[in-house]
Structure formats: structure tokens, C-alpha cells
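Labels for the chains are A, B, C, D and E, by order of writing; each one numbers its residues from 1.
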Amino acid sequence: MLLTVENLKVKYGNIQALQGISFNVDKGEIVTLIGANGAGKTTTLHSICRLPPPEAPKVVEGDIKFKGESILSTEPHTLVSVHNIALVPEGRHIFGNLTVKENLTLATYARKDTEGIKRQLKHVFELFPRLKERENQRSESLSGGEQQMLAVGRALMTGCDFLLLDEPSMGLSPLLKYELFRTLKRLNQEGMTILLIEQNASLALHLAHRGYVLDTGEMAAEGTSEELINDPEVKRAYLGG
Amino acid sequence: MSLLEIKSMTHRFGGLKAVSELNISIEPGRVEGLIGHNGAGKTTVFNLVSGFYTPTEGNIIVDGQDTGGLKPHQVTALGVARTFQNIRLWKDMTVLDNIRISQHHRLGYSFFDAVMRTKRYMKRESEITAEAYKLLEELSLVDFANEYPKNLPYGTQRKVEIARALSVKPKLLLLDEPAAGLNSSDVVTLINLVKWISDNFPVTIWMIEHHMDVVMELCSHIVCIDFGETIAEGTPEEIRNNPAVISAYLGDDNI
Amino acid sequence: MESLVQNILNALQWGSFYALIALGYTLVYGVLTLINFAHGDVFMVGAYIAFFVSTFLLTTLGLPGWGVLILAIPLTMFFTSLVGVTLERVAYRPLRRKGAHRLYVVITALMAGLILEHANLAILGASRKAFPSLIEEQVYNIGGVVFTNLKLGVIFTAAAVFVLLNFIVTKTKIGMAMRAISYDKFAVPLMGIPIDQIIVFTFILGSSMAGLAGLLFAMSYPVLEPYMGALIGWKAFIAAVVGGIGDIRGAFIGGFLLGAVEIMVVAVFPSTYRDLIAFSVLLIILAVRPTGLFGVARHTKI
Amino acid sequence: MKRYNVQIILAVALAILAYLAQEEIIGKYALSVLMFMGINVILSTSLNLVNGYMGEFSCGHAGFMAVGAYVSSVLGVMLFAKDKVFGPALLDPSLSIWVFPLIVIIGGIAAALAGLLVAIPSFKTRGDYLAIITIAANYIVISVVENIDTIGGARGFMGMKSVVKAMGKTIDMPWMPIWVFIFTILSVWIIRRFISSTFGKGVPAINQDEIAAEIMSVNTNKMKMVAFMLSSGLAGVAGALFAYILGYVNPGSFTILKSTEVLVMVYLGGMGSLSGSVLSAILFTLLLEALRPLQIIKWVVVPFLLILLMQFRPEGIMGNRELPDFFPRLKRFYAFKD
Amino acid sequence: KIGFNIPMTGDIPKVGESSKLSAEMLKEDINGAGGLEVGGKKYMLEFIYEDNEAKAESAVTTALKLIEKDEVLAMIGPNSSKQAVPAGQVADDNETVMISPWSTNPDTTLDRPWVFRAAFLDPFQGPVAVDFAAKRFSAKTAAVLYDLSNDYSKGLAEIFKADFEGKFGEGSVKAFESHGTKDQDFSAQLTTIINAKPDFIFLPDNYNQVALIVKQANQLGWSGPIMGADAWGSSELMELCGDLCKGYYFSTHYAAKGAKGATKEFIDRYTAKYGEVPDDVAALTWDATRIVLKGIQQAGELTGKLSKDREAIRDGLSSITKFDGITGSMSFDEQGDPVKCAVVVKITDEGEFEFTESVCP
């Protein structure tokens, strides 16, 4: 198991956002986490990534293990630089005052392999040719979709082999959404492990190998994508039919 | 007569032409759609219509009046209200206050009334509050009247934002991606809400949306733009099958 | 004519100090959007540190003046940056951790400045200190324009510091990280960047520049007193903002601009109107460019 | 009946204060501390309107105070006192009681007009750019005063004591404490009513999302103007009272240092908390008086205490809540938020 | 029991410090000798020092606190006019004697029977400088650089200008430049001044600024004479200014070098005790305090009733016809201002302030 989450309980102040959830992700998998708004999906990712205060959710119980080691007390930046985990956060959070190129370069902060960085950059520009066109533009003036590409591209630049995505398709045109999902598939085929959060559950399940359904802080269902797609409960509540 | 008429409008950001020679007219009483690729200039069009930007060239005519030179709040007073792509509620004020403040253009009393608590002030304040409660009641948000938006679920925040826009008493309501970030069941609720508003309020709705189910379900007429220019317009059926729209926007859903 | 050239030279020297201090303001601001109001007082402490270091080296070790100067520069910069970093660790960081509104950090900075001033007053007494002269000052007179080697040294140093800082901020990854933090702190650790290290680095840079400025200032204006940093600090802040706060070029140009305006107003108008005219000019600049000379308005995508 | 509770309590308080002062049961020293406390209350609440509720960072409050102080001083001396420059008194001294509040208000109005100086740039600029515009405004005011010799320049201006004495001669009452009390209450009352009206709530709306405010029908320029002018106007009132308490004004009293003192009071109390501002102004004044024996160390201890306080309450004493949020029973007397 | 209303923090902490040191020395003297003898009885002195933070409002509350809470017999200070004028009002209203050692603003004592001062007024010192310069430097033209925000400096500069131009005609003051209190760079003003080529520069500034100004004037090539006023008279001047100030003149209250008798004794003892030569504030505080003490003695006896004693002290003070202070002998006019001589001193090559000339009104 690459990532194991065991009985995770998380609080924001007095609000209990996660009531003890467990799940795991294996190397080379695409796993998706679906659930209604406010179910605690983002909270789960933020707990894994140990975001700095004051945004940080507080883990009160349970454990998060990466490659069998607890990562609960590691510093957030070492997750990226040592463990090669990258997060594409909800709402993109690109650095609007930097150019596209600078955003991408910055993500290689902890990397020393100049050659690898070059190759990675080429790869990202291949995946998102639009970014190449806008290379020297201040990134805050990019359109929503372009920003989303930048956020994904930036995560890739860290040289990660485990990618966490939080609603990457939000605000994307259908065309781009499909393109993005195809890109994710391709990345996975190239060896990337992916944990995906997505509102569009059917799309997500079509892409993923396995899925988990989160409901108000508790794990409501889990299984392979097929099992979930065919589960009548899930169908009714999350697949809009 | 059209409620909104956009006449050969162009808008530039520095060298970038975000909207170019655009002509659109919106007929009263309908729900219309605006779709287009990311960065096509949709939000920019809404920003221009709501007076936040002034067009580099061309005119915008709302209900027979040219909005050139008007400030956004003046355009709002003409009857144009909107929601935002990213929710922009006043997060640290109650839902009720959010609703009341957006009646600022028709408060009908002055600073001195407020400080002296004149009769006029008392009367208008209670009217405003009553109207706000009525609106919240109608949208079944009344339970949240004294909640702070930041503590509400995302879907409810979207709804509050729509309620806030309605409290302006608009003739034209612009919705910028109302379904973004909503899950499937919330999307259904949203569709019903918009339908209900369109049936029960004297308001024309124009929405930007990337969720095709929503657009196809709600809109009777859709405009698709790319690079700030109209590439297609028509009924949902026409749009869905328009090859230009497919290649520039809808894409291929085979993953 | 000579007096014009002379005043340009005066303005360059005086502007150098504004620029050096403004750079420190802008660096910290550029990263934390924190107006570090204690910075003027860090500069004052820098001057005092320079004083103690120099007198120690002069009297106890008996080094010659130039030797003292060469040693005093790094030592002063080092000790002053300790002061800056301590402020960050003790006062600002805990507040940041608690998610306080940034203006509370600003007020804390203001308080920290007061503490520095009055602790100095309480410890060292009210007597002013005379800074020892370290280098033989040569007065040159070329065609009626009078200048000294010190004056040239100051101007040169300010320019060099600018080039260095500008390079760090615009070209290096650490500089990019600094700018990124100012825009969106949330996502910075996701890039594998240790946020606290970057912030500490920023404070080291900013306060060591203040230390350097303190040393040069003490050499040029050798009367030290606890309140010497307050006014020049405020004005340097103004210079930084007029240049476009958060922007290195802005702070540099803003500093020289403010120096030039102050000097030129005195040279041309009755000197009693100096503040009046100088600040009016700044208001006009901000009226024309509301985000300062180099500042870029932050886009709000709606 | 309930509606008038507070008014009655205040009137009684005023009467008691006047009586105690008249009979010299509270000494002049305590009284002067009380008066400066009142002035600090006006200053901090009025600055809170701009810095807390509107979320700007104005650092030049003392400049407006100076405008109010000088305008009302010159006016008062012109009308009621013999002066080297302004000649003999124009009005009968017995009128002074009636005219004095007018003089103070005119001082306030003059300061409000000066507030325009800041309000207009605020249409285009926000945050820290505006901060230095206010600092510059502060410097400009001081510089103007220093350059006008008829009002004494750096030497300062005096003669206001004779106006105060004229009031005391007409009816023997401790006039200054009474006026300070009345104006303090009045200021807090005006601000409270303003910000609790839907009209006034446009101000925090600008703070929380200016773009949304403008697009959702708030005339942001007008609101900013109202807020700035109200804030600076009240600072002017505070300045006027300050001048008459001291009987002497000097530009050195209104420098940026004074402004920062007010800033500290605002943030100490909590941004956007009116009762917080009142409370912190009172505490701050008392703290400074109480720590007098520490002499030089005082100005090390006071900031240190404040820094400590911020570590424990990083949102100020009250955050953005009001007193009744902590003591719900107070609501029985008065609804602070209606 | 005497109160001191002095600035220990704020703009001018040195002033407060000097006052305090000087007063402490005096107190030790008198208490060491068993106390102050008034009407046959000996009283131990108690001095209360209160910090007015160099702020006007603080000076007022300080004054009230001293007068009311601490029940002092008389108050010394505040020193600078910004505080002394409003505090004087308070003292006068509350019928307590106040004596400001250092304030030079006429308003401080004007029409205030309870308020006195120990320093001479600006109108006197200006002409002293004019006359001296005319004689010593054979000056026909002058330039002035003063502190705009400091009413002492400004007042003196203006009086000097009026007097000088009265003597040598319109325009004989070739440059009249100002700066701010906390300024550190004066190069532009000095450039203007030096380009005007005056016969000498009049510099009614505080000693700390003098040090900077003289240095910068030198760097800009000035080699002519400079003349200052009493605010130069600090031991720190030489420390801060070094060799550059040597040879210049200033008018002041007393000359340290060549001082005789009580003055010399004071200087020597102060220097021995605190390791620095007393500045003018110290000397004036010494005198001011002694004047008050003499006033108390003149009152005849202390009844223990505050208002009565205070009144007696005031009467005692007004009745002093001649007082031999270390800053010269003086008497008070009807406003409570002293009538005394000024001396002009030269800064010698040893860095001492040498008596050159005495000018009396």
C-alpha cells in the first residue's frame, strides 16, 4: 500500500469534520473520493498534506501512513520534497503575481536535477500546449481553465509520483474537462498514482479503478468503479439518476 | 423591444482582445445561455454588462437606456443584478444583512435619517427587513437568516448569492456558472430553483454555464462564443449539433 | 549650475539611505504584506551595533580605521539581522500561526519598535553617542561641486545592494518563493518550499541591509540617539509605497525620489515649505499612479 | 420605557459627574485623566469606523484632530477673547455657553472637509497606498500649521482658557468635563447608529468585498466619503475639545506619534468592535497613567504588555464582537445591534 | 516637597535626565546638611520626578498630579515651551508656583503671576548675537539655519533676522533656511547658504544638530565663522562635534571655563559626580530649584497648609530682588521673567567653553 488512512478523525475547532474514515491507495492506482458538498473530501486531502496553520484541520485520532510510515508529524513541505506527494488544491491557488513559467519553475524548488527539470517542463508543455503559449504572462490574468492547467502542470513539476487532485474539473469547459481526464489517464499509464476528488461522480468513476463514497464525514461505500456505478444507492444519490 | 442589447461591443485588456465586435440581444422573460471555451470572454461580457468594465468600443443598452458612463451601482439600479463565478458574499455579515444591503440603491433615506432615527428611517428599515424576510421565505432560506455565509454549505451559499441578486429586484439576472462545484443532487435543486424563479419573478435570466445538462435543460436560447466572437446561437438542440460548437467547446466525451 | 549639481549629489546621498531602508520595508512587505514598522528602529539598532562594534575594534583591538570598517560591515550586518530574526520569531511568527489579521502584526511591529527605542534609552541613557570616524574623509572640489569619498561610497553601496537584491528576488528560486508567499501562502508548502525558512531569510536580508544602512548612516551623520530611526523609518516607508510597495525597483527609485524631492524643494523653494511641498508631490504621484511607480494593481478576477 | 433606559442612565451619570466635579470630590487630576479618556474614546471609535469597519489603514488621525483643534481654537478666541492678532472679543462672553458646542462642531466640520483630502484618493486606492496618503496628509497639516504665523506657527496658539473661563463665569459649572462627556457619548452614539443602519452596513460590505458591494448596488464612493468624513469630523471634535482642555495647541501635539497611539487603541480593542474601542481607549489611558512611576521603563513595559496581549488575543480584546455578545443580559437594557 | 515635570522619554530625554541629575545633587547637598532651614526649622527636601513624555497633554496631567495628588509646594519644569505653556496655565489656575528652567516662549509666564522662569527670553539673546558678530567678525551679512518645528529656535532666528536687517539693511541676511526637529541631513540648506556667501552663519539649534550641521557644512566647503546660542551649551557638544566646532562662538548663560566661585564649584562637583560637564539645562535647573528654595525661605515659615504656603512662596519669589545663581545674578520682572546677563563663549582648542564677553540688558 502506498497510502493508508486509518480511522481518521479531524476537527476544525469544535466542528468534527471527519468521524473516523479509513481508506487506502495502492501504487499505480487511480482512486476517487466522491461525496456531497461538505462531506469532508477536501478536509481529507488537507489532512494528508498537513497544510500549515491556520488553514490546517486538526487530526484528533487515527493515522496516515505513506509507504508504511506515519506522515502525521512531517513538515508539509517535506511531503513534496521527500515523499514526492503533490496536491492540486481546490480553487487552484496559483501564484497570480508570477508568470506561468515562474509558477512552473517554483515548483521545482526542492529539486536539484537540472536535466530532470528540463525534461519535466517539456513534458508539461506537451500535455498543455496552451501553457507554452502563455509562458510569460502573469498567471492571474489566465482564464479559469488555463489556471487549472497551470495548477496541474505545477504539481507535475514537483516531480511527484503520487498526485492528489481536488475538483480539478471545476469551471472547465466540457472539452477541456474531457481532455484533462484523458491527461490524467495518460499520466496514470506512465506510472503516476492518483487520488482524485470530483463532483462529477460518473466521470470520476469512469476514470478510476476504485472509489470511496464519503457522506458527512463517514465512509458510506467503497468498491471498484464498476461496483459503485452499479450500486443503486450510489446511483441515486451521486450519479444524478 | 429587447431587454438587453449589446451592439458591436469590443473589449481589450492591453493588447488582448477579450471581446470582439459582439452583438447579442436578450429578449425579456426567458432564460438564455452563454457558453464558450475557457477564456472565451464570457465573464468579461458579464462584467461589461454589469458596468464593472467599460467597453473599449460599442454600446450596451439595458431596457432602452445606454449604460455608457454609468457606475456599476447605477447599472444595478437600472435593474441588472448578477452572481459571481467564485462566490462573493459578504462573509462576515448575516444572510439577512447580505440581502438587506443589496437594496442600497432604494433605501430612500439619508445619513441624517440614519443617525437621528427619523420616522422615515424607521419605516424604510422595517420595510426593507420585511422584504428581505419575504424573499428568504420564498427561497426557503429563512432558517439561515442569522447565519454567516462562511458557515453555510457551498450549495446554500450559491443559493444565498442568487437570493441577494434577486433582492435588487432586477429585470435582468446574470448568473455566472451557478452550478460550478455543485454535486449532482445540488445541480438538480439548482435547475428547479432557476425554473421557479423564472416563473415567479418578473425577471429575465442569462447564465454562463459549463454543465451542459443545466444549460440544455433551462435555456430556451443559447449563444456560444469563442475568442470574444459569436460562433453559434440558437436553441439547445441546434447548439448541441452544431459542428463548430462541438469542435470548439463540447469536445469528445470518450475518455 | 554648480549648486544644482551639488544638490543632485546631496540628493543622491540622502536618497541612498531612504532607498536602503525602503528596501528592507519592501522585502518584508513583499513576502508577508507586513508593514514592518519596527524596521526604522532596527536601522537605529544597526547604527548602535555599528557603534559598539567599531569602538570595540578601535579601542580594545586597536585596529586601524579601514580595518575596523572592513570587519564592522559584516559584523554589523550579522548582529542586526539577529535582531530582525528575533523580532520575527518572538513577535510576528506566533501571531501568524494564530491566523491574526495582518494589521495586528503591523501593530505588534509598531510596539516592537517602541520597545527597541525605549529599551535603548533605558539601558544606554539619554546621552547621544558620537560615532568614531573610521576613514579619513577626503573633501574633493571639482568645479565648485564639493563631495567626499564617503558620499560616493554611500551612493555606490546603495546601488550595489539594489542590484544584488533585485537579482535575488527576480531571478532566483528563493526570490520567486518570496513573491509566491506574498500572493498565496496556502499553496507554497505544496511546492515543497519551507515557508518559515523563506521568511527568516527575508528578515535576514532586510535587517542586514538596515544594519548596513545604520553603519553608513552613522559614518555620515555621526550623532546617534534612540529616536533616530523613527522619522527616517516612516519616510522610507512612504518612499517604498510611492515606488510601489513590494517591488524592489520601486523601493530603490522611491527612496531616491523622496531624497531628491526633499533636497530640491529646499533648494528651490523657501525651506519652511519642505514637508508641505514634498508630501504634496507624493500625493500627486499617487493620484496619477494609485499603486505607486512600479506597483501592479492586483487583479481581482470576478 | 425600555427605549429610554440608556438615555436616562447617561443623563444621571452626567449629573453625577458634574456634581462630583463641581464639589471637587473628584480632583482635577482625576478629572483631567477622565477628560483625556473621553477624547481617546472619540478618537479610537472614530478611527475604528475607517480602520475596523471599512478595513482601510488610515494612519493620520492626528492630522484631522489638529484641524479641528486649530479651527475651533481660532474661532473661539476670535469670538470670545482678546488676542494680539484677532483683536477684541466679538461676542459677549455670556454667550459662550451656547456658542461653544457650535465652535466644537465647526471644528469637526472643518476636519471632515479635510477628510475629503483622504476620501477622494480612496476611490482609486486601497490598503497600504491609502495608508501613506493619510500619513502624508498628517504631515501636510502639521506643515501648514507651522507655516502660518498668525496662529503661532511652531510656537503654538493659546487663549482658549479665557473662553472656558467665560463659560464658568456665566454659569458656575465644570464645563469642560460636561462637554467632553456629552461629545463623547454623542460620538459613540452617532457611530453606533450609523453602522447599525442598513445604510451604514454598506461600510463593512466594502470591507468584506468591495467589488461585490459596488456591483450589488452600494455606491462605494459615497459610502467611503461618508465614512471618512464622519471619522475625521469626529477626530476634529476630539481635537477641539483637546485644545480647550489644554488651553494651548501646538503642532507638535498632533504628529504621527499621536496617530499611532490611536491606532494602537483601535486594534487593541478589536477591529469592527465599537465597545472594544471604547474599552481599549479607557484601559489604555488608565494603563498609561497607572504605570507613570515606572518612568523610562514605562515605554518598554507598555508595548511589551500589548504585544503579550496580542499573543493571547490576536483579534484584540473584543474581536469584532460587542459587549452584549459576552454579557447577554446587557441586551435587556439596550439592543446594540438592531 | 517639590515636583519636577520633566521629559524623560519622548523627543528630548536628555533634558529630563540633566534636570534630574542636577536636582538630585542639590537635594543631597541640602539634606546632607540637615535640610532646608525655613523660619528656624529644618525641613528635609523631597523631590518627585514625573515624566511628561515631551507631550503637551501629558505635561498637563503631570502638573495636575503633582499639584493635587502629590501636594507639592512648587513645581519645576516643564522645560520646553510645548509643555510649559499649558502646564503654566494649570499651575496658575491652581495657584501653585511653577518655574520653568528652560522655556523661552513669552507666553509661558505672560499674565501668569504664579509662573516664573530661569532662562532669559529670545528677544534678548538675538541682539546679543547680532552685536557680537558685528564686532567680532566685522560681519555685514549673515545666514541663518534654524529648526522650524522648535519654537525656541524659530523665535530666536526671527528675532536675529529682524535685528540684523535693522542694522545692516534689508537683505543683509542672505539666507534664512529651516529644517525639521528630527532631520539629519542639511546638505541642501547648507548648499544654499554657502552659495549665498554670508560673512557668518547663525545657528540657533540644539547641540546634537549643531554637530551634524557643522560637519556637513565642512564637507560642503564652509570655512567661515559660525555662531550659536545657549542650546549649544552641552558637554556633549564637543563629544559629538569633535574638532570641527572649535573656534566657534555661542551666547549662553554661563561659561564653564574660567568660571569662578559657586559656578566653578558646581561644575567641578557635577563633573566629578556624573562624569560629564553640566549642560545649560542642568545649570538652569539648579538655579531654578535654588530660586524656589530661596522663595520658600523668604516665605518665612511653613504652616503646613498647602494653599497658604504656596501663596507665601509666590510672594517670596516675587520679592527676590537679586539672586546670585551659577548662571549669573538675576532678578525677576513683573512677568516672572529673569533679568540677567548673557555671556558669549568661545570654544577653545581644548574644547572648553571660554568666557569671551558678557552682555547685559
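The criterion applied here is as follows: contacts are C-beta pairs under 8 Å (C-beta built on N, C-alpha and C of every residue); 3 or more make two chains touch, one makes a residue touch a chain.
Keep in mind the model is a prediction, meaning the values are calculated, not measured.
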| item | value |
| --- | --- |
| Number of steps on the shortest touching-chain route linking chain A and chain E | 2 |
| Most widely separated chain from chain D, with each centre as the mean of CA atoms | A |
| From chain C, the most remote chain by mean C-alpha position | B |
| Where chain A and chain C are represented by their mean Cα positions, the distance between them in whole Å | 42 |
| Centre distance in Å when chain B and chain E are each reduced to the mean of their C-alpha atoms | 73 |
| Distance between chain centroids, defined by C-alpha means - chain A, chain D (Å) | 52 |
| Centroid distance [mean C-alpha coordinates] between chain B and chain A, Å | 31 |
| Chain D, residues touching no fewer than two other chains | 142, 146, 211, 296, 299 |
| Contacts with two or more other chains, residues of chain E listed in rising order | 8-9, 13, 148 |
| Interface hub residues of chain C, defined as touching at least two other chains | 98-99, 118, 121, 272, 274-275, 301-302 |
| Chain C residues touching chain A - in the complex, by the definition given at the top | 97-99, 173, 176-177, 179-180, 182-187, 189-195, 296, 298-299, 301 |
| Residues on chain E engaged by chain D in the complex (per definition of touch) | 8-9, 13, 49-51, 53, 55-57, 60-61, 64-65, 67-69, 81-82, 85-86, 89, 93-94, 105, 107, 148-151, 154-155 |
| Chain D - residues contacting chain B, complex | 190, 193-194, 197-202, 204-205, 208-209, 211-221, 226, 320 |
| Contact footprint of chain C on chain E as seen in their complex | 8-9, 11, 13-14, 16-17, 148, 177-180, 182-185, 187-189, 191-192, 195, 208, 211-212, 215, 218-221, 236, 239-242, 276 |
| Touching residues (chain side chain C, partner chain E) in the complex | 2-3, 6-7, 10-11, 13-14, 118, 121, 125-128, 130, 133, 137, 139, 141, 146-148, 151, 217, 221-223, 225-228, 230-232, 262-264, 266-267, 270-272, 274-275 |
